[in-house]
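Here come two complexes built around chain A, the first alongside chain B, the second alongside chain C.
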Partner chain A sequence: MNSGAARLSLWLLLTPFLLWIVLLVLVPHLQMLRVSFQVRESWDTLAWGLEQYQNFFTESYYWRTFVRTGVMSLFTTFLTLLIAFPIAWYIARLARGRARGLLFLACLIPFWASELVRTYGWMILLRESGLFSSWLQALGWADGPVEMLYNDVAVIIGLVYNGLLFMVVPLVTTLDGMDENLVEAGYDLGGNHATVLREVVVPWAMPGIVSGCIVVFMLTLGSYLTPILMGGKDSAWFTQQIFTQFITRFNWEQGAALGVLLLVLSSIIVWLGLRLTGQSLRKVMG
Partner chain B sequence: MIRSVPRSRWFDGLYLAYLVAFFIYLALPLTVTAVFAFNDAPFPSLPWKGFTLDWYLADGSAGRTGLFHDDTLLSALWTSTRIAFWVTLVSVALGCVNAVLFERLEFRGKEFLYLLMLLPLVIPGVILGVSILVFYSGMANDLSRTWGIELDVFRPGMTLVVMGQVTFIATLATLVIAARLRKFDPQLEEAALNLGATPLVAWFTVTLPWLMPSILGAAAMAFLMSFENFNTTVMLTGSDTPLTVALFNRLREGSTPVLNAVALLLMVGSAILAVLAMGRSRGKP
Partner chain C sequence: MGVESDLFCSGLVRRFGSNAAVDHVSLDVPAGTFFSILGPSGCGKTTLLRLLAGFDRPDEGDIHIRGARMNDVPPNRRPVNMVFQHLALFPTMSVGDNIGYGLKRQKVPSAERRTRIARVLEQVGLPGMENRNPGELSGGQRQRVALARCLVLEPTLLLLDEPLGALDLKLREQMKIELKHLQKAFGTTFVYITHDQSEAMVMSDQVAVMNDGRFEQVAPPEELYREPATPFVAGFVGDNNRLAGKLESVRDGLADLRLDDGSLVRGRLGQTAPNIGDRAELFIRPESLVLGGDALKSEYSSLRASVTATLFDGANSRLEADSAGQTLYARLPQDGSAPRLREGASLQLAWDPMLARVFAPGAA
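And now, the complex of A and B:
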């Protein structure tokens, strides 16, 4: 191919990509940023200002929910990692042949159902008239109906459930490629379980750990259904406030500001996570 | 704790118990949801009152309306299908083009553009929806106010939902297809060119068939992700609500076994699609 044809084909391939990234990602987000700095003075006049961001810091309800959402998302991510790691280890290193494939497939099954269905399943189990409550009563361990839904523990159970797959898959992928000689060498050199885990296995699995944690954190931070449906009166989630501003109150300026804040929070934490573990987004995601 | 390192009996026992508990935890909510789609009681909870197909088939005459006679849910199902169709089409097409762009071509700024391509994955879905709503719906509002031009496509509705979902599903499709293209031996294509094929013919007869399993896999994934998406969709939906949003509204009014019936239908549908996609990709080399 001569260089003219090469240039033409490059531009032909680049155009759809640029249209997608510019029109669906970059421009809308810049516009959201712009709107978040606009203050509505009357129904058709706008001025620049920081009013929305001031509201966020002065109304304790906003920033409390913001901090709560961030902290609970981090906790959920960590818990998901703890729960998923032994499972991923078993699938990648201990199970053989058919069992291996079947176990891996079993991890995928819940995710053929949507988040709404999964949450609904948990509601049927945990609520006052739910199965756990009925079973407890049948066993004589409870005198009356027990409400297990509508609290933070229920929300975390649901969130961990939603995130598990996205933790197990990258962990299995990285652990799968590990050379067992490394682990044996660790034991030969006098390491016990804890030191081998800390010095050999975890460093090796780091790309998988980081990629799983980033995805789970993003999903948890941005989740809406699980906290709304399983949380109680006091377990507000930040996405809910964004939703309220846009859909219920038609206050786009405030909603945009809250959206920008959520985006900033998630970007900072993802960036910190990559930075602290020395990974790059390309290696972890691509 | 690898196979060659001896483990104690109680450790093995504990590990096994943990595995069993984990898989029960995974299966329980879905099993329960599925089972209660057939309970002959107006509320999905114990006690078990017997098996019925009412929650699928009842026509409303006995006070029960099954899924197949529930017009709201059926039309929501149809809306979701149409949305998923367009999202799949656009995302897979974009995925193919992007895969070739990033795997086969060298150009300045490629690394930066690749990072931009990954960007939608690290933006929460709600924000993707909100930003598209603010830009396009805001534009439609402004045009209508200043010049009286009505651009209804950019009002909340199907077009915006498709746009919002394509934003991140296209990235996933790109990653799936690019991973397959990376394993392609370019010599095969060169052989075709040497044998007199034009680049376009070589692409369609050699490269595309090689990519086919990943394209089908990406299509199945795109369809499912679109069908199941809530966070982006809820911000952009108009009067014709897709299924997840309709189910959510229904759930807030109170739960009925019809919801279980829909949930089971969704699970079976996605399982079939997933098995088909996996069977296809395994069948081909």
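And now, the complex of A and C:
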């Protein structure tokens, strides 16, 4: 009786989680997987096959777009790390009390607006008739309006901005737990700034660095609005391919295959990253 | 400055706001000595150590190590290494890498590095532990790794910031002795800070007692115990009974003190002597108090007291007695020479006036 009640309460507690996993994660993905292996033979007949997957590897436009998206995402992640590390260091080690809370808030505030609003904010700054362009003209550094949107740099700026918070938070958490004496010991035993950073601080912060990088990388790879809005129609982001297949060309089978490939290939990249840095997913996420 | 001195400081001052954490401290540590700085928490000893290590700069005064002025030398260029309170072993490195870290910075080639790491591990009694993770070691072993990490660099001066504080009592006793032996074996000059007087007394050649940013007395442990220079030292180092009264007369360096209940006691006048008629304090160690009447010599000073309790603690057994509202402790020898005492019994506590010290009342 008692164990029955305990079991019931366990199931009740698990229900929301199970519903979430099964209905919102497992079922759609399995459905997507199924659709991706269907080959449309004519308007009312379907066969099973790998044609969509073959398309990805034979049509160079698909895999080139994927490689480009992956490389740019990796670069964005690296850049985000470079920018976020000093910020996190300052928040975790140097700022005290009130200043610390305010700085954290400053990182958080942009995320109270939607990605769309944030991206349009950047567009206001970067466009031909935008703030930066008019400043450059006012300072006499440019003769006419300068278009800073619709190129890869603009895309990366937008993506780094979107990823920053997700890098700062895990870094602050790990750096916060580091004993100040470790840094002092690093200097005391003869290390300079570079060696202390390389041998003491970075190894300590590695779990935070890796988890931040995974989140930012996945977020960047899967982002849609920012590359489209800031990169223009030629930005060639992989998510755009998926959108085109599903919506424009109404080719759900191809779109599903591309979606599955995005999931698989990005997982492989993350796995490689973990292997190369000698971290395990459990350590990083735990 | 002594020719042989490894560390020489003059007039060191470090202020935080209006409060001087280190207030005109001068010290001279000869090469190869075990020098302790003993003081209660908040006395400025950690600040002083951080000045020596280079993590903080003095507002005034100079630091010389082997004759070279160190004030503007950053910590990584000082011939000084520090064992931190919580050791600060690098958790992401193996024991061998922890010890090799400093050698690598000195650009010691890797083959030589390996032999030196192996040798120093042998010296601290952890042979073959190179590949272990610091997290797998016991408290005492970690302690030794922290020492080895510094000693392998052969520093002129090794600073130790209460490294035994985190150990349990038994291990602490053992490490105390071991540290002393290691210091002798390596011949390195140790500057050790602690609030634990037993650590300072057991290990040191010289002890500086620090209070409120200043050195009260610098002396070998035994002298500190037998000849305290100030009431603070008398009260802080070892157990002491304190009797408050008024200074009545002084003759041949012996002072007569009139206690508040009217009885007269006698002790040797200390360095900070009060004027006749001023308040004064007499310090007498528990082991200097003699119980009972028959063994009394004529020159002994004595006091009537009633027994409050007997506190049995093996060799440290004590008698708690009350004399006109002042509590006194006397050592109870466990060799059968002490009389059986009941609670409330009245007895005579006597002492040789040469073993008691009279000071003007101190702050502590």
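Keep in mind that, in the parts below, the second predicted complex is superposed on the first by the 267 of 286 C-alpha atoms of A that agree within 3 Å, B and C clash if a C-alpha of one lies under 4 Å from a C-alpha of the other, contacts with A are read in each partner's own complex, and residues count from 1 in each chain.
Note that in this section a residue touches a chain if its C-beta (ideal position, glycine included) is under 8 Å from a C-beta of that chain, and two chains touch if they have at least 3 such contacts.
Predicted, not measured: the structure shown is a model, and the values here were computed from it.
By the touch criterion defined above, A:188 reaches chain C but does not reach chain B.
When the shared chain is aligned, chain C comes close enough to touch A:200, but chain B does not.
Looking at the shared chain after the overlay, A:129 reaches chain B, while chain C stays out of its contact range.
Within the superposed three-chain model, A:255 lies in touch with chain B and out of touch with chain C [touch as defined at top]. When the shared chain is aligned, chain C comes close enough to touch A:179, but chain B does not. Touch criterion not met for A:54: it reaches neither chain B nor chain C. One of chain B and chain C touches more residues of chain A, and that partner is B. Once both structures are placed on chain A, chain A residues 184, 187 are touched by chain B and, in the other complex, by chain C.
On chain C, the positions that touch chain A within their shared complex are 53-55, 74-77, 80-82, 84-86, 88, 90-93, 101-102, 105-106, 149-150, 153.
Chain B makes touch with chain A in their complex at residues 1-5, 15, 18-19, 22-23, 25-30, 32-33, 36, 43-47, 93-94, 97-98, 100-101, 105, 107, 111, 113-128, 130-136, 138, 145, 163-164, 166-167, 170, 175, 178, 199, 224, 227-231, 234-235, 244, 247-248, 251, 255, 259-260, 263, 266-267, 270-271, 274. On chain A, the positions that touch chain B within their shared complex are 1, 9-10, 13-14, 16-17, 20-21, 24-29, 31-32, 35, 44, 83, 86-87, 89-90, 93-94, 103, 106-110, 112-118, 120-125, 127, 129-131, 134, 161, 164, 180, 183-184, 187, 193, 214-215, 218, 221-225, 229, 239, 242-243, 246-247, 252, 255-256, 259, 262-263, 266-267, 270, 281-282, 285-286. Contact residues of chain A toward chain C in the complex are 179, 181-182, 184-192, 195, 199-200, 203-204, 206.
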